[in-house]
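After this come two complexes, each holding chain A, first together with chain B and then together with chain C.
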Partner chain A sequence: MQQDIFLVGSGLTRFGEWWDKSLRDLMREAIEAALESSGLQAQDVDLIIVANMLAEVTNNQAHMAALASSLLPHHPPALRVEAACGSGALAVNTACAFLESGRAKTVLVVGVEKMTDASADAISQALMGAADSELDAPSGLTFPGIFGLIAKRYMYEFGLTREQLSIVSSVHHKHATENAFAQFRYELSPEAVSASPLVSDPLRLFDCSPISDGAAACVLSTVHRSGMRLAASQIASDTLSITQRPTIVSFPATRAAMELALCEADITRKDIHALETHDCFSIAAVINMEDLGFAKEGEGIRIYEDLHAGHAPMFVNMGGGLKACGHPVAATGIKQLIDVSKSLTRGRARYGLAHNFGGAGATCGIHVLENTHV
Partner chain B sequence: MNNSAPIVQRAQKRERDKFLPGTVVSFTTLSHPPARFGPRPRMVGLVELQNGRRVLAPLVMDAPYIGQTVRPRMRLSHVTHEGLRVYEVAYDEAPQVAVTEAFSRYLLAFTGPSGVGKSTITKMLAHACSDYVAKVPILTTRAPKPGDDGEYLYTTSAEFDRLKKTGKIVAMTDISFSSEDWRYGYRAADIEEIWSASKIPVVVTEMELLQGLAHHYGRRAVLSFGLLPPGKSKRARLSQLLHRLRSRGRESEAHIRDRLKNAERDLAFFGERKDLFDHMVVNEDLSALVASLKEKVPGLSGA
Partner chain C sequence: MQQDIFLVGSGLTRFGEWWDKSLRDLMREAIEAALESSGLQAQDVDLIIVANMLAEVTNNQAHMAALASSLLPHHPPALRVEAACGSGALAVNTACAFLESGRAKTVLVVGVEKMTDASADAISQALMGAADSELDAPSGLTFPGIFGLIAKRYMYEFGLTREQLSIVSSVHHKHATENAFAQFRYELSPEAVSASPLVSDPLRLFDCSPISDGAAACVLSTVHRSGMRLAASQIASDTLSITQRPTIVSFPATRAAMELALCEADITRKDIHALETHDCFSIAAVINMEDLGFAKEGEGIRIYEDLHAGHAPMFVNMGGGLKACGHPVAATGIKQLIDVSKSLTRGRARYGLAHNFGGAGATCGIHVLENTHV
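== the complex of A and B ==
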């Protein structure tokens, strides 16, 4: 990093189905919580970066940056970024660029999505905007379908069983029971996951992250300090369509972003003690472990088996991940950063990593957070 | 979802590029596919085509498996709210081809005016029944043009004449447009090669070429289809052709006018030389037409 950037405040709404809260309400709630936790005044914010994917489709609302700016009394400059489910990480990365260059000294980053106002079919089609509209969508594929193809192929290549895969969501649900902001705060047995309805063979309902409303905000600053320093902020990209990739059982953008992030933070994987990874579908969590380099190819499930058995090699998705905490698309990447900071504080650990991707890994953002108190 | 006519049109062009056999890389069944496909589960596969490209498309077999060889079929996918009929390539299991010992050597010929859909139908038939039929390339003295899709072999006038003199061209015609004059023909070697692979050669012809083929191989060796545009009157049919030629966007208005004049002659030819046609078919619904052609061609009904 060209400058020391600190996470000085963060705020979340509870993720879930909020019929009585609008896009504006959710964003305001998260922003107010973030500013309050930072101890700063709204006027200290130089710039707002908004992460959002679907507001035009689900809420008839474009121009999200101006909407966010109107929530602060001095209407600071604001801009919106979008990389589907990876929008949150992209927003933090964009904020870092402004902070490192000196164009801004304190940036408010907010991610928001209001998904439950739309019908299931409409939201499913809108989310397919994260895939290739010419190469992927005409086949009728949905995102559960894309990850169904990935899961089927992964099982074929590496012999992963249905019973093993069910452990992933079970672990995430267990973690969510202690997260006040989680959408589903109850435990789920692997057997219940295996018995849930088929959505896209071999993926079942409880393999899939839910449709959620929610917002997450954080304040990043180069002039105000805290114990949480951003040690790395990296993004990487891949082809938008899975048809243009030589393999579908690995996401090269994750591998690329991880190498860049480790290099930037000047650490190794062994230094990472808290991880928030993008488990939009259970199979993604397994593959992520391999792409991030925490497991060998075909052995990502072993980390979840260890977590399930109580032999945690590190803190993983302690807030419940996307599956149990909820997945309001563009808010997720920012929520992950906040959850990493919580895990580092609680666990008195030094380094944590947030891994967020968009689409089927076409955009990947990785942030490394350092707890400077350790 | 935006399903405007230009988006559908571009999507249809891309669908045609998928028309190759391939291998299943992975597949899944969507319990609740997008509403436009109806309420039934939909199986979608990631297929690696023979040319190395990967595509996503529905699979229509009962029990696919990874590594399975599949072949394409064109079918009606859905009708948009605006009434546009959207076709898609779906993949089915590839059959085991049984080569019959007594293969009868005959040609399949499609004749019709420009814009009636000869090339599209032939391509669809060739792809849908790729184990049974193969297209015969047309040798031409004209230069390549944008929009040509592999159906032509290009040569010089001198070479064309040499082949003609040595009897290596079995049928030929001169086609004049405004100030241009080009020759088109079929080479015997191309047809023989297809026969020797125990397949039926398919030719896209016009009246002179058809007469040439019937003369060279004998009328009984040509199973001949006349293709008509939809419409009850000559005026309605010509209007359909004009619309199709313009929407192809490949030619100037002057060329289109020439083609329309020729089309008028072609339509008249159907009436004058009924003896040269075994079946007259109307190109209104592509997939239905291909299905009906397969019924009419011996040996293709099971393809």
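== the complex of A and C ==
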């Protein structure tokens, strides 16, 4: 980092189905909570960055940045950043650039999505916008379809079983029971995951993160301080289409961003005690553990087996991950950062990492947070 | 500017109707032209910023950043910036932040839009996403409707006549005749503008910028140099909805961004010899002259009367503006910067200014370019 950037405030709506709240309502709720927790006034915000993927399709609302600016009395400059489900982390990375450049001293980043007003068909089609509309979509693939292919291939290459995979969502649901902001606050046995309806072989309903409404906001500053310092902010890209990649059982953008992030934070993986990783589908969480370097190739499930057995080496998706906390896509990357800060505070741990990606890993954003009180 | 940033290359597709080219094709064409004109290799690009507003609706394609990254062999990190029709300038401003922060040394900014595949109804509705979907759209307003109201009120307050207003598009069409990249390369008399079909009283068809496909790309760098230096990059926001503003005949975001830009460039208005301003509708160009401070309140048309008479104080929309060059919305802000650089080179002038806004002026981005060879 070129400068010390602190996470000075954060706010969330509960993720879920909010038919009675608009995009404006959801943003306002998260922003007010973030400002209140920061102790700052709205006027202290120099710049707003909105992360949003779907509002143009779901709510006929582009220009979300000006909508967010309208919510603050001084209408600060604002822009929207989008990188599909990775929009949240990309927005935080963009905030870092503005802060380090000196163009802003305090940036409000807010991610929001309102997905449940649309039909399942419409939202499924809109989400396919995160893949390549020329090379992936014409085959009839949906995102569960893409990750079903990935899971099938992964099982073929590494022998992962259906029973093992079911542990992932079970762990996430257990964690969500203690998260007041989670969409699903109930436990789910691995057997229940395995018995849930088939969506895209071998993926079943409970392997898939849900359709969610919600917002997450954070205040980042170089002039106001807190105990939570950003130690790294890195992004990487890959081909948009899975058809242009040599393998589908690993996401090179995660690997690239992770190496850059560790280098920027000047730490090793052993220093990381809290991790939020992008489990849009259960198989993604398994692969992520390998791409992030916490497990060897083919062994990502072991971390979830350890978590399930209650002896994990670190906190993982303590808020319930995308599966159980919910996945209002562009809000997720910001929520992850907030959840990492909560894990670090509760666990009195020093370093935590938030790993967010878009599409089938075509964009990845990684943030390392340091609890300076430890 | 925290650092010297140079415009080292630029590329355009012709704006128009490109039914046989995809978003990928249009971006590739502009990017290749920009890289070629820069003399750099693709691998010199550290970061891509894509400006796009409508692809999610028109092409079911979000995640445009990863699509752009796919076009370069090393898949550099990439993000998308959106602020409706102001997306281009906001993307350039974001590039400046990344460059000044040191996170990137050479940034490729590409704006693209593919609007003509959609029906007129569909594209009109999609463009209304640039206004407030809760406060503006439910009244049945379209963008011609919004600017029709603005024109009506402006005429009432300042006595502008229909005949005077028709000069604006006539001037722009005359300029476009010499622009190989323009959508409409023919002259249009003020009388023809006045006689064109009524769209939204008092605005007629030839008061309105067209629906366009096209892409514009530029390469900005702190390590590679050229004779074109960015002297200022500023953005500002206003309420998204026109219902929340004290007046509709002035856009405060333009005024705010202009003051900041002059201050950053350390120049006065008299130093500016080339201007590209956002004439989404003819009335906008008139108001912009006042908001930018080149004319007094109610007298913006005088500059166009001077241009029409052939004795203008500066180059204005020499590529034809949005009306005649075309308006693939997110490409426009980048095209403006390129057109300013062309005017400065041809006119051997030192300073030029690009003024781009989104929606009804809810977001504004202003860039000042300095021709260091003068």
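What we mean here is this: the second predicted complex is superposed on the first by the 374 of 374 C-alpha atoms of A that agree within 3 Å, B and C clash if a C-alpha of one lies under 4 Å from a C-alpha of the other, contacts with A are read in each partner's own complex, and residues count from 1 in each chain.
Quick note on the criterion: a contact is a pair of C-beta atoms (placed from the backbone, for glycine too) under 8 Å apart; a residue touches a chain by one contact, two chains touch by 3 or more.
All values reported here derive from a predicted model rather than from experimental measurement.
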Which superposed partner A:150 touches (first chain B, second chain C, both, neither): first
Which of chain B and chain C A:346 touches, first, second, both or neither: neither
Larger contact residue set on chain A - chain B or chain C: C
First, second, both or neither for A:200, with chain B first and chain C second: first
First, second, both or neither for A:225, with chain B first and chain C second: neither
A:125 touches, of chain B and chain C: first, second, both or neither? both
Partner chain in contact with A:141 - chain B first, chain C second, else both or neither: first
Chain B versus chain C as contact partner of A:69, first or second or both or neither: second
Which of chain B and chain C A:244 touches, first, second, both or neither: both
Partner chain in contact with A:373 - chain B first, chain C second, else both or neither: neither
Chain B/chain C common contact set on chain A: 125, 134, 244
Complex contacts: residues of chain B adjacent to chain A: 1, 10-11, 14-15, 25-37, 42, 44-46, 53-58, 66, 88
Chain A to chain B touching residues, read off their complex: 120-121, 124-125, 134-136, 138-142, 144-145, 148-153, 156, 197-203, 242-245, 248
Touching residues (chain side chain C, partner chain A) in the complex: 2, 22-24, 48, 53-57, 59-67, 69-70, 75-84, 90, 93-94, 96-103, 125-126, 128-134, 137, 235-241, 244, 253, 358-359, 362-363
